[in-house]
Structures are given as structure tokens and as C-alpha cells.
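Before we start, here is the structure in question, set down as C-alpha cells.
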Amino acid sequence: MSVLVGKDTRLCVSGITGREGTFHALNNRNYGTNVVAGVTPGKGGQDVEGIPVFDTFHAAVADSGANTAMIFVPPRFAADSILEAQDAGIELIIAITEGIPAHDELRVFNHLSHQSGVRLIGPNCPGILSPGKANVGIIPASFFKEGNVGVVSRSGTLTYQIGNELARAGFGNSSIVGIGGDPVPGSSFIDIIALFEADPETELIVMSGEIGGSAEEEAAEYIAANVTKPVVAYIAGFTAPPGKTMGHAGAIVSGTAGTAVAKAEALEAKGVRVGRTPTETAEIAAQILSA
Amino acid sequence: MSVLVGKDTRLCVSGITGREGTFHALNNRNYGTNVVAGVTPGKGGQDVEGIPVFDTFHAAVADSGANTAMIFVPPRFAADSILEAQDAGIELIIAITEGIPAHDELRVFNHLSHQSGVRLIGPNCPGILSPGKANVGIIPASFFKEGNVGVVSRSGTLTYQIGNELARAGFGNSSIVGIGGDPVPGSSFIDIIALFEADPETELIVMSGEIGGSAEEEAAEYIAANVTKPVVAYIAGFTAPPGKTMGHAGAIVSGTAGTAVAKAEALEAKGVRVGRTPTETAEIAAQILSA
Amino acid sequence: MDLLEYQGKQLFARHGVAVPSGLPATTVAEAVDAADKIGYPCVVKAQVQVGGRGKAGGIKVAQDRQEAQLHSQAILGMDIKGHTVHEIWVEAASDIASEYYASIVFDRSAKAPLVMLSTQGGMDIEEVAERDPNAIAKLHVDPLLGFQEFHGRRLAFEAGVDEDVVRPIAAILARLYEAFVAEEAMLVEVNPLIITGDRDVWALDAKVTLDDNALYRHPENAALRNPGNEDPQEQMAHERGLTFVKLDGDIGILGNGAGLVMSTIDVVSQAGGSPANFLDAGGGSKAEAITSAVEVILANPNVKAVLFNIFGGITRCDEVAKGLIEAFAQINPIVPFVVRLDGTNDVEGRRLLAEANLPNVHAQDTMLGAAQKVVELAQGVAS
Amino acid sequence: MDLLEYQGKQLFARHGVAVPSGLPATTVAEAVDAADKIGYPCVVKAQVQVGGRGKAGGIKVAQDRQEAQLHSQAILGMDIKGHTVHEIWVEAASDIASEYYASIVFDRSAKAPLVMLSTQGGMDIEEVAERDPNAIAKLHVDPLLGFQEFHGRRLAFEAGVDEDVVRPIAAILARLYEAFVAEEAMLVEVNPLIITGDRDVWALDAKVTLDDNALYRHPENAALRNPGNEDPQEQMAHERGLTFVKLDGDIGILGNGAGLVMSTIDVVSQAGGSPANFLDAGGGSKAEAITSAVEVILANPNVKAVLFNIFGGITRCDEVAKGLIEAFAQINPIVPFVVRLDGTNDVEGRRLLAEANLPNVHAQDTMLGAAQKVVELAQGVAS
């Protein structure tokens, strides 16, 4: 088992004829992901190394039975592509695109929240890897192996770092889910932690947060009330100066709330162990799993 | 028993300080309806013959525990008042106001459909009367008595006509629900018929439709699949000329669909008996009830 | 409220929809002047709210001034399916490569606008729908989300428009939707939507129905109502704020509430009568409104008898009675009236009428009885 | 992107929010000229993106030309909490009866805009919130429905504004919301929102933060970026499209991905070092971008050592290595570099670096080891 992506995934890639879109669609297919279609308006009827391209998501879904979408179009087109994927009946939309305007994200999130049977991951995320089963996105899969640790993270490269430290300690992953660092993520820590809690293969959950917002604090409350599996957390940004935006739109510190210290304390208060470095986080996870 | 309004109704009247608002609020109270509050922005702190007036629905609900709203403000303000009532937690909104712009109704309907725990009746409707229990709206209650016939109607005065014919035949009503004749009614025939089906006091359902739209045809399908109680229908507009709007925004005939004949046939095909005049409709109902 | 073609085009232009340039005219001299300004060839188009103008000879191309004069002479005053042409629109002739169809309707069942696009424009879309339903691409738009770019693309691809116009077609659909929402229309239809020789997309016709209830927010649209195209009696009723539809028969009908009035018309017809009008006096009518409504009904010389069918809710029967009494005082009608009053203050209303003892006014207890009585009176059987 | 007060006011004015008239100036002569045009009394206001300008002496009333000159002289070039005043705004003095507070923030948790209103304006709103939380009326607006009239009324009544200004306050909130949405702002704040002696409602200050990601849709806003108010190194980074924040220390940091860079800064700090910057080279950086980033890092003379911490996903380690090699060829840095490469094409990247054998470049296998090494180097313990 794994969460969200796996052997049942039938992937349609929006923006498949772009340079990066082609590269990662093929990369995902090479890993074993069932890439059934691509969408690029005006290029319907073409193919990308055998993957059929359609003008619309509706045509792609009708023809290929796609159930998962990866959004790889520039920010200017991404909100529209997400909405189109939902309208065409896609159940899981994974938006890699970085730099989508915040008000677009607001509209998309609120609209999708009124529709049933659709889940959005991202935007501005590295995607989801279920080692040995499927890879949807840009996570460098060769650094991870199958295992029993579920990872959920707001940051892409930080996820790789933690996953890599775990791999060095000898542990693999059920799934690695990047939820992205944007102001309005489609799925929250809570959404993904709930999936890992229900996933029989996952024995321990690692969540990697960062300064800004209150998603980690909300996750702490949720974990205390609903999660039986051990959770280990890491928070980036302990030494970030207040009032500065650091890269991710999410990573801004204002006043006391939203600081790494506040987040770590909120998590520890609910029994979640928090590592101070990626290395220490992996060590704690390894300790628990070896106990 | 009855549907929607009854002894548990705690009514807040929007537009209570207007001439018509005051008249009908007091009229409803005189009938026995528990009128707990009114809303008129800028008149908070005043009262209408003992009914406290508030500036906002939120203040009215907080102070009076109102659970039902009657909207009696001019069309220019009605959509806003409905949205405010919902936002304040009102569960049942009965909008009497006639002449609300259709695009306002579209926005209101679609927004309310995404909120849980709220039901809109109307707009452009006479309200709901549960004889002997409560009257919310402008239905002349003295012409009706308690009984076992549930009435649902797109037209106000036609409802009175049919209710009156039933009363002459010796039958009373569980509830009389005017759903209104506007393009986008908050509740449909189906919504109300489902309530009557579940209401133990109701033994027979009369639905009074009219030309235009497809609500009656949809109700016919629903009745065939879900309703065990006898349903008698009346359709107004058999002799209406095609292509003309007749009063209600709903009452327009275009081509073959939406005609009174098509509606009557759709209903009869599903076993619903259709009267050709209000009198005949009441007679059929009386026959069934006396059988 | 239905707009004339050129009013619809002017509305479109405000929202960035490309339309041919043109000028309206109500006289031949104005039309020739307009044609000169626009240049030749130009098209002279009858402005009436009815389809099939082309077949009826209401649309003609003028190659020169002489033809402009001849065509405008022929078209002005022409009768097209019962509509007299009071106004024409002279516009630049277009270079038509393809004729498409686009529309947005207010779909009540779906509670959402329905957008349609077809490459089979220029003909009756109902015929297209019947012959080849797949030739029309359709989708609903969530009114809270609005028209998205993908909606336009999807319609264009599914309708199978020429590849080079997918983007401009999608763009014009977005602008039509903007017009539909911003102007609070119930219908926006473009047939044909043309592709020009230069591959531009133009609205060559415009059918726009606006929501009367929203006109207060659009004073510039409210001002467009074109008295020349309305029946004088309907215009009179409209000015008095009455909901009125003229019918073919000889029995004047007044009731309160659209459903009851429609039902009254049905019952009168079933009794063998032929109603002369639909008139809904509305909820809460005061005496003056009733008096005013009687004047409108009697403005139709065909009327041989009048039926009042009132079941009072907001409307009070005593006010109706007072209004009728006042009408008799003012205009002394010569045709018989049948009056049925039930509901709020009916006892008082009936008493007032009885006291007034108006000539040739017949009180009836039931709707059915009243309908039968008025039919008898109209047919001269009783008096 | 944070706007200066006067830029925010000009943006407000486009959406119908009343603001005092004024003119910007960058020299004393311009300021005096502006004051003459506006008339006296007027207010000379330092334009810096930091609170507490009034207390710092950055806002002064000028009764006449002489005072306008004195004040603008004093304020231009003044340092307010580390911000040098390069620009001032001269505006007409307002007749203030009451000072309110209004704002709209992008609330991530609620996924909706949060609108706030208080009658306790003119002071720090965080203080008000702490002292008397009930003094601030708040509500979320559904972004698909938008700001409704009842939202404005509810805020006005719940904040307890003077009865006679309930309507104008509700109206100005609607316009601020319109500005928030139309201009794609992350924050719109007015403090104070004043009631004048004539009972008009004016925005006397404006704090507006725009979404950088949406600036492409708002070219007129994108043009507002004010280079005079930015650190030269941050400006250099911004021009090169790098996400860069200047810090106080002496260890230059480059990584890929915001989370990893933040984590790197934490780990370096925990190892006893002091980072000189946050620099996210971003996903998929090519060699040129890396070279360009090295130039930005070294533009800070405090930098004693540089740490590259790369975990390649989209970013390819060979490209990073090539970029670093090219940077050495171009600018021959004198400070030591510690380089940790993992992820996509790491073997090739490490090979390239080893072959290039750059002076004073230290390869490390782990993030922790790399952090410790760069701290040692910066402190001169190792070389």
C-alpha cells in the first residue's frame, strides 16, 4: 500500500509538450508510473513518445480513463488547468507549478472545496512518490526505497534531504507527499497525515514544516486527537529573522505566531518529537522504528 | 405535525419596520407564530409592538435565537438579506419579495447550495402556512383549516384557490407551501414533496404547477421513484399562447417543452392524477381521501 | 426586455465583442445618409424582434446609393410576421468565410448559464439541434466561478471550429459571457457569428433579452425600450406597471397573481369563451391600480365582457371593489362585468359592490361559476 | 511587494476610496513646489516602508512655505528604523473628527480574505487587539461570493461606528475589498481611516502589499517598485530573478529550495556560524544562474566563506558544478567555498568539481558536515 499514487494511478500530464513537461512525464513513466495521456491545447492528436496528447482534459479523460493529473504548465495557465482537470472528472490533481498568483489559488481552493471527489496537492510542490509503485512529479526517485515511513512536507528539497537521511539510516518510504509552500495549499498536513494513519503499510509519519502560517499547529491538534502512529517533525526556519519573506510565500514570520519555536513547542506539547536538524529528525525516526 | 413551520418556529422578519413588513409580521404573530425579532439596519434597539428590532441578522439571532427568517424587503435589498440570514445561521429562509433580479437569484441559490443546514423557500412566494400552528408569509390563513392535505405551489393566489376548494369539500391542510414562480426558486416541488412524504400527518399531496421550466416533469420522475402517498396535480396555462411571458418569470412557453399539456402528460404517465380546473383538482383529492 | 439587433450589437461592443459598424435610421433619407457614411456595399436590415427577417425580405445588400434608397423604402413599414418595421440598421457589408453560432441562455433547471457553440450558424439552431445534436457544443458555467479559459477552449474544440480561430472564438465567448453577466441578460445569441476572410471573428447578428427586474441597475439599457415596437395597449399597461399580455379573444380578464390569472384564462376557455388579455393586477393592489387596470382592459375594442377573479392575500377585496366602483364613476363602461371576490376582506368588498349597485355588474361566488357567467354574457345569451 | 503610502493611496483612488490630494517629491525644491500647489496647511510625510514614522519625526504639518521647506529638509535623508527617506509625500491637511482602522488581509488558515474594522484607529492595531480584542470587528469573506452589502453593515454596526457614518463606512469597505481583489493584494490597511468634520470618510494612510506572482497582470503596479528603498545587494539579486534575503552574518549561503535553504541557515547557526544571506537558486537552475548567484553573494564584503548546499531534484548537480567553475573563472573569489552536492546527477557534479580542482573549494558529503566545515573556515580555524 501507499497513499494517493500507486499502481492504480492513470496519469494525464497537463503541459506535456513543454520541455520540462516532456522530461518529467517520461521520467515518471520510466519509473513505472502509468502515464496514459497529456493535454496541450492545439496539439491534440500528437503524441509524446507514444503518450497521446489531447486538446482538453475532457477529451483526455474520455479517451484514456485518466484519474490523476499532473499540472506542469506556467503559472499564467495553471489555475485554469487545475479547474479544467476537476471539471473533467479527475480525482487527484498534483500541481507542480510554482508562482501561481495567490488570488487564483484562493478561487481554485474554494471552488474545489465545493466539489466532491476531487483532491488537490500543491501547487508549488514536488509531487508524490510511492517508491516501487509510482512517481508523479519531480522527486528524484532513485534516492528513496520502499518502506514504512510516510513523509509529508511543505518543502521539496528538504523532503529529499530528510528522505535521504532516512535511507542512509536504512529506512524506506510508503509514500512521500510534497504539499507545497504556497499561501493556499490544496491539501494540508492534516489531510495527508489522515491518509498515512489509514495506510496499513505506513508505520511512522515524518512531517516537515517551516515558518509561517499555522498549518503545523493545526496538525499538532489533529495528531493528538486522531493519530495512533508515531509522528516525528522537523521545522525549518529557527534562525529566520522576523518580518522577512524567505522564498516560499508561506515562509514569512510576523510577530510571535508562526515562528519555528512556536511550531515546535505546539507539536512537542502534543507528544510529537521534533528534530532540530534533518539529520536529528531521521535519527529520531530510526530510533522509534528500531525500538 | 406539519412541514417547515410550526410550533418550533422562531421567526425573524427582515424589513419589519416597513409598512407591509409590520402588517404581516403582526398578522403572523396574531395567528400564533412565534415572531421573536425583526431586522432593519439603523433601527436596532427599537421595537414593533413588542418585537425587538436589530441592525443585523447576526445580532437578532444571537439575542433572540431565531431559526427562521421571513424576507420582506424590496427587491433591491432582498438577495443581500437572504445571504445575511444564511451567514447568521438561520436554517429556514422564506423570501416573499417579488422582482428580485434573476442573476441575484442565481448567485444566492448557488451560494446557498454550498452551505449546509440552510433551506430557502421562494423568492416571490406567499410563504408557508401550517394551519393551527404557524403562518409565515402572506397566505390568508382564515380560509384554511388543519387537516391531512399537503399543498405545494408555484403560484400564491392559485394556492388559495385550490386550498379554498378543498376546504369547501371539507378537507384541511397539514401545510401549504408556496415555492414561488421565479426562474431560480430556492426549493423545488421535489424538495417539498419529499418533506410531505416524510410527514406523518400528510396523507395526500396536491401540487400546483404552471407552464414554463421543467420542475413539474422532474417532480413526476421523483414521485414515481420515491413517493408512496397519493399526489394530485394542477397545471395552469393550458391556453397560454407560446412565446409569451405571463407574469411569473417562470411562466413562459417556448416551443413544445414546458407546456401545460406536456407537464400534465408527464405527470399522468407517472400515475399522478391531474385536474383541469382548480375545482376538479380539489374534487379528485376529495375522492381519493374519501375512498 | 428584448433588444433590437442594433441595440444588442451596441451592448456587445461595450464588452469588446467585434461587430460591424453601422447606423440606425427611421426614415429613407436617414438610411441613405447612413449608407453614404458607411460606404458601399452595405446592408439594410429591418429592426424587428422576430426571426426569419432575411427570408421575409427584411435584409438586403445595397451596392450603391440607389439601392440603399430602394431597399430602405421597401423595408421601412414592411410587415414581418405581424411586426411593422419602424426602424432599420444600415451596416457595412462583411466578408464572410464561415458562419458559426453562439449563445448563452439562463438555464433554470441547472441553475446556471448554458453556453452553446456550433459551426453550423446562419440557420435556425433548433433545426440544427434536431438534425445533428452533436453539432452543438454545450456546457454550464458555475455562476460563482464564472467563465474560465478552459470553458472557451473546450467549446471551441468540441464544436470543431477551424484550428486557427480556436483562441479568438474562446475569447469572444468569454466576452459574451461578461456581457451576459454584466448586463444581467436572460439570453445572448449570435447567429451568425462569422469568421471573416481575414480570419477575424465578428457578431453579425445579436439577440439579447435583458432581465426586466434588473433594469434599475442599468439605466442605459432601461432607456432602450422601443415604444414603436410595442402594441399600444401593452405599452399603456407597461407604463402603468401592470403585467399584461394581449390575447385574441373578447373577454377581458383581471386577476391577482400570475397563476390564478392563467388558471382563469384556462377555465374561461374551457367554458367556451375566448379571453382578450392576461392582466395580473399584482399583490396588494390599491383601488387606483384597479381603476387603471380597467381602463387598460377596455382600451381593447374587442372586449365584450370583463371577468374579475380575485382571491385576496395581500390584495384586499375591499380595495378591489373600491377600484371598480371608481372606474365606473370615471369611464362608465358599457360592457358587462362579472366579479368574484374571495379572500382578505371579501365580506366588506362584496358589501361595497352590492351597495354601489353598479349597472351590469354580476357578482359570482365561485371561479367556475364566474367563468361560465362571463362566457354567457360575452356571447349575448344572458344580460 | 510593499507599496509606499502615496502609491497605495493612488491605488485606492482608482477604486473610489477617498484620499487627500497630494504630490510626491524627492527634493526640497520639489516639496516646496508641491506644498505651494496643494496650499497650506499641508502635511509633509516621509515615504518609507516602516511603521512609527510619526513618532520618529517623519510626519510634520507645514503652516506655510517656510515650514514646508524646513520640514522637507529635515525629513529627506532622515533614517527611520534603518530606512533612509528618499521620497516624501506632501498632502492637504485633513480635518479629523475620528480615527478608525480598516484592513483586509489574506488569511491563509481560513483560505479567505479577513476584513477588520475598529473605531480605535490612529494607533498600533496590535496594541488595540491585545488591550481590547472586542474593539476590532472581523469577518471572513467567501472569495467566490465576494463582499456583500451585509458584510459592510455588519462590520460597521459591530465595530460601533457613529450611526451617521454606517453607510459610508460600509461603502468604503466594499471599495477597499474591490481594490484588494482587483489589484491582487495580500494586504490592504488603512490606519487611520478618518471621519472628517464634514462627516466624510477618507483614507489618511495606506499600507498595501501586492502579490509578486500576480504583478504580470498589473503592469502599472509592477512599474511602482522603488529601487531607492531596496538594499543594493537585494536589488541586484532581484534583478537577476533570485530569491534573496540579506542577513547579518559572514557566511554566504546558496541552496535550492526555500525549505532546504532555511534549514541550511538553521544548521549553520547551530554549528556556531552566522549566515550572511538567504539565497534560493530555485528549481532547475542552469550554470549561468549559479554563476550569477555567486556574484550576488560575494557582493557582500562581510562574507568570509560560502556554503553550497544542493539536493538536486529538478536542479542538476552537474549544472551547479559548471556554474561554480565558471564563477571561479570569471571572478576568482578569495574566500573559501564548501560544496555539498546530492541528488540528480550528483556523481557527475562531484566529478566535474574534482577535475576542476578549484582553489579553496571543499567538497563535503553531508549537510551537517558541510555546515560544520564552513563555520570552521569562516572562523579561520581551518583552511
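Note that the chains are named A, B, C and D in the order they appear, and that numbering of residues resets to 1 at the start of each chain.
The criterion applied here is as follows: a contact is a pair of C-beta atoms (placed from the backbone, for glycine too) under 8 Å apart; a residue touches a chain by one contact, two chains touch by 3 or more.
Bear in mind the structure is a predicted one, so any value in this text is a computation, not a measurement.
With steps allowed only between chains in touch, the distance from chain A over to chain C comes to 1.
Two chain pairs, B-D and B-C, are compared here, and B-C has more C-beta pairs in contact (counted per touch definition above). Note: the chain lying farthest from chain A is C, by mean C-alpha position. Averaging C-alpha coordinates per chain places the centre of chain B 54 Å away from that of chain D.
Centroids of chain A and chain B (each the mean of its C-alpha atoms) stand 48 Å apart. In this assembly, the C-alpha centroid of chain B lies 28 Å from the C-alpha centroid of chain C. For chain D, residues touching at least two other chains, in rising order: 142, 144-145. Shown for chain B are the residues that touch two or more other chains, namely 107, 111.
Interchain contacts give a graph that is no line, ring or star and is not complete, per the touch definition above.
Contacts between chains, counted with the stated touch criterion, involve the pairs A-C, A-D, B-C, B-D, C-D. Interface residues of chain D, counted against chain A in their complex, comprise 106, 108-109, 111-113, 126, 142-144, 181, 184, 186, 211, 213-214, 216-217, 243, 245, 247, 255-263, 265-267, 269-270, 275, 278, 280, 283-284, 311-315, 342-344, 366-368. Taken together, the chain B residues at the contact with chain C in this complex read 20, 75-76, 98-104, 106-107, 109-111, 113, 126, 138-140, 143, 153-161, 164, 181, 183-184, 208, 210-211, 213-215, 218, 234, 236-241, 244-251, 255, 260, 276-279. Those residues of chain C lying in contact with chain D across their complex are 144-145. Interface of chain B with chain D (complex): residues 41-42, 44, 55-59, 77, 80-81, 83-84, 87, 107, 111.
Taken together, the chain D residues at the contact with chain B in this complex read 142, 144-145, 148-150, 153-154, 157-158, 163, 166.
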